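Each remark here refers to the structure printed beneath this line.
Labels A, B, C and D are assigned to the chains in the order they are written; within every chain, residues are numbered from 1.
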Amino acid sequence: MHEELKNIWKNFFNWVLGNGPRPENEVIPPDPPPDLPFTQKPQDKYSRFHEATIKERYEQWLEIHGLHIFSILYSGLSILTCVVIVCLLLATVAELPPFGHERNPANNEVIRRYVEHGGHETGAQNIVAGLILDYRAFDTFGESAVLFTAAVSVLMILGASRRNKLNKSPSLKSETTSRNFLQRGPPSLDEPILRGVASLSIPAILMMGCVVVINGHLTPGGGFSGGAILSTALILASNAYGPERVHEFYNERTFIVSSSTALMIYALSKGYSFFTGANHFHSIIPKGTIGNIFSAGLILPLNICVGLIVAGTLYTFYSLFSKGDL
Amino acid sequence: MINIFAFNIPFASIFLLMITAIVTPLLPKKNRFNEKFSCCVIGLVAILSAYLLYALTNGGQSLAFNFSMGHFPAPWGNELRAGPLEAILALFFCVAMLLSLTGNFSSTAEDIAPNRRQIFCVLVNLLMASLLALTYTNDLFTAYVFIEINTIAACAIVAVKEGAGTTRAAIRYLIMSLVGSGLVMIAICLLYDLTGHLLMQNMHGAIQVLMVTKEYTMPLTVALALITVGLGIKSALYPFASWLPDAHGTSTNASSAILSGLVLKGHIFTIIKIFYRVFGLDVIHYLRMDTAIFIFGLVAMIMGSVHALRQTNIKRMIAWSSVAQVGYIFLGVGLNTVAGVAAACLHIIIHACVKPMLFTAAGGLSAVAGHKKNLHELMGTFYINRWAGLGLIAGAFSMMGIPAFAGFASKLSLTMASFDHPFIVWSLATLATSSVLNALYYVPAVIVVLTKNKNAQNKITAPEPTTLYKFSMFVFLSLNFYLGLFCMPLLRLITRGVNVLQ
Amino acid sequence: MLGKLFLNHYEAVAVILFGIGMTNLLLQRNLIKKIIGLNIMDTAVYLFLAAKGFVEGRAAPILISNGSGGWLNSSDLYVNPVPAGLVLTGIVVSVSVTAFSLALALKLYEYYGTLNIDEALMKMTEEQVELETTIEKAEEDVLAS
Amino acid sequence: MIIIEWLLLIFLIVCAIAVSISKNLLNSVIIFMNYSLVMAVIWVLLRSPDLAITEAAVGAGVTSVLFFLALRKIGQIGHEKENQNKN
């Protein structure tokens, strides 16, 4: 009994170290068929006369299964994280004030003033427009600044580097541009249907965008959504008539000048309003009557500025992402 | 009360920087005009902030005022708030930003392509504006919007130096930051739902009422925890700091200095504001968040230094040291007393002055060693660029806490703040351990820099450091000694500021 | 708790989406999917916020004419406008962030040919090792000559 | 009405999970586009028409266009074979 145990231990030890006789129960791999080409024959190391040490076996196993195990671990971890976060937040949500109830803490005197006096204090029929462009205008100014920051950063990351590269190797220019362009076929030349539809729909989209921007203080919408609609008109034009045609009237310089100017007007008019408000000066801007187009003080011009910024920025994003240049 | 000029300074400084950012793309690029222009504007804002500080603390009083952004009073419109603490931080942020830009003026030109430098200016201005807005804002949602500006601008100034490494670092930084923003945003939503306000003092009132009625304790705790974790990720609190060494280690020197010295501090100060203006000391204590922060701070102090010990790249070493220093700040916040917060704010200021100096010095040293950043390759560089060498030595001594250097002051104040606190043993022991660990990696760096290189053939003929570099280093060094030797008046000012913060 | 969750069903769905989005953002390995996860997370927060502004039986916050030239401005008529305003701001922020991160992802792809950060790291270290060995070889050659 | 509400909400969750587990990036983006559209409908139900317009124009429109462009640029559209190791 003792001897047998010793034997088993010795066999096991040898198995771990990878030398000595094979254990009895090991499955012998079948010999490769003789007609196999030489390169596919198992290497000497892995033939049945040589056993790998446990370290080698582990490495081999890791090489084959490591990525798999890692990805299983990764997805397991992600599911665990997800479940923990969701459970925590669900427990929190269950404690929150009930949905849609009118006595919730959020429906307090702040809201009452926005709704009851918002009309004549800001002159806007759309309370949300009055809220974001007059009561809480600083946030909205910050939001435009975020957009500006992102536009400038994307311009830096995608725009500038490309030009450098082209400058370094001018011979590559035609090749790279054509590769990026032609992946989907030339966009402009042989598409009469696209151009026909575009010529009909671009004015309609532009009109729609302008209406949404200009009526921002009366109806849902406003500078941001209107600007996004306007940018789709530009994108469509660029697809139908080719980016070069759009480039003629809208290039990097135009973008920077127009959005900087619009943002500047925005900043200065809001700055005036902040300054007079905080120092209790009287503001000279008339509020107008609610419901008219020319009402709501600064909200209409601000919406137009925001619309310009957004349309320009989103088209810039499109242009930079599609061909890496504006 | 306060004169109308000083009253408008918080608003004016944010606005000046924003407008500078907006017009910078339109300015001529020739002769680096737009960069000089930005530096001038930041300097102007620094002077304005100094005047505001003077006006707020003139004659022994400590004032604080609210500045309503628009024609509508407190709970309806946005507000800014300025007190002595905000003014001090704004002043030091501007000074640190200005010095980081001027000190690295020539290395920026080497690292960043000319057509990107203009955009770099825009981003720096936006970053500074968002930092000041975070410092002054009195409204949580405004804080969120400016945190986002800060995030995008910070990631972009990492990516401004072209290269594969910076892109990767920027992406990691961006992803971690976005997770943080998401957590902050949902926490703000929870708080809005529970209180019905977004302005800090109104929220504070509503939370006090909730505390009395013992309603919604659990959602409040979750909101507080989420906000802390979210902003903790952005301010590189230890377990969430994995993005920091890449981002700070690979970017250009000016970016590293700005990120380490200022961006982290902006988020930390936001945490402090939320803790003390929205919740209040007793609520924080009741919800047990102070202990959690304290423990995070302790872990960060040790682990940041341990990671720094293993680095061979000098910039990465300094970056990891930032993690440890952020730990010190959180330790102070976690003490949950006025003295603790004052010590934390003092450390914010000191670190905002010392870390940019270290990065600038490291940049100068590696420039003379042929842009190599490994420690052993910097041997003997002190004798080639003495200003940078002095900066590194002073910064290292400061981080170790040698008396008469800036870091000593903050360690002293942290020690004093933890005296009548139940966690005193822990905090003192960790302070001591962390100082020893700091010494373990800073002393070899100093020795390497001071060792004369026997290999004469490796001698590189380096360009003389520019006058601007010497000047910035001189200002950095004098600030360092000023903070180290005469920090008590500053600490008193900060304590007064913290007292009126609530 | 389940009953309460049922009552707050919009919020419950919003936090579930938040969890899914955040997990995607943290743990997906492909950057494009990470960015989609970011968008899901953001819209989930906005859904949460918009649901918080809803009040049963009230109208959208656009003043309604009372038929005789005036406006109905009783606060019992309209839902809470604040969340809508905040979400509008938030949507702009999220589209900016999306564009920025996509730009960075494209840049990463340009450098490494992959959208996976871990793979990019591996490739970078490999490249570094290669660079170092070539430098060493060059030095040895110089010494030998 | 309530049934529609619930259907839409469940659709949102299904979309979100489908985005995470879909192997093909193009599919993910298309599912995400649907998700945004449904979100716009939900905002109409929650009486926030401003948000609905913005989400329809931005979430379903511009963001998806950006994603498609990014995919085209990295050659994921039109080269199915490459997708396998990029899940």
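Here is the rule we use: a residue touches a chain if its C-beta (ideal position, glycine included) is under 8 Å from a C-beta of that chain, and two chains touch if they have at least 3 such contacts.
Treat the numbers as computed from the prediction; the structure is a model and nothing was measured.
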| item | value |
| --- | --- |
| Comparison of B-C and A-C (more C-beta pairs in contact) | A-C |
| Whole-Å gap between the CA centroids of subunit A and subunit C | 7 |
| Chain centre separation in whole Å, for subunit D relative to subunit B (CA means) | 38 |
| CA centroid of subunit B to CA centroid of subunit C, Å | 25 |
| Where subunit A and subunit B are represented by their mean Cα positions, the distance between them in whole Å | 28 |
| Set of subunit D residues in contact with two or more other chains | 48-50, 54, 58, 62, 66, 70, 73 |
| Contacts with two or more other chains, residues of subunit C listed in rising order | 9-10, 15-16, 18, 20-23, 26, 28, 51-54, 58, 60-62, 82-84, 86, 88-89, 91-93, 95-97, 99-100, 102, 104-107 |
| Touching two or more other chains - residue numbers and ranges from subunit B | 141, 145, 148, 152, 155-156, 159, 186, 192-193 |
| Pairwise chain contacts, counting only pairs that touch as defined | A-B, A-C, A-D, B-C, C-D |
| Parts of subunit D lying in touch with subunit A, wherever the complex brings them together | 48-50, 52-54, 57-58, 61-62, 65-66, 69-70, 72-73, 75, 78 |
| Touching residues (chain side subunit A, partner subunit D) in the complex | 126, 128-129, 180, 183-184, 212, 220-222, 224-225, 228-229, 231-232, 235, 314, 317-318, 321-322 |
| Residues on subunit B engaged by subunit A in the complex (per definition of touch) | 4, 7-8, 11, 15, 18-19, 21-23, 25-26, 67-72, 75-78, 113, 115-116, 119, 122-123, 126, 129-130, 133, 139, 141-142, 145-146, 148-149, 152-153, 155-156, 159-160, 162, 186, 190, 192-197, 206, 216, 218-219, 222-223 |
| Residues of subunit B defined as touching subunit C within the complex | 141, 145, 148, 151-152, 155-156, 159, 164-165, 167-168, 170-172, 174-175, 178-179, 182, 185-186, 189, 192-193, 198 |
| Subunit D residues within the subunit C interface of the complex | 5-6, 9, 12-13, 16-17, 19-20, 25, 28-29, 32, 35-36, 39, 42-43, 46-51, 54-55, 58-59, 62-63, 66-67, 70-71, 73-74, 86-87 |
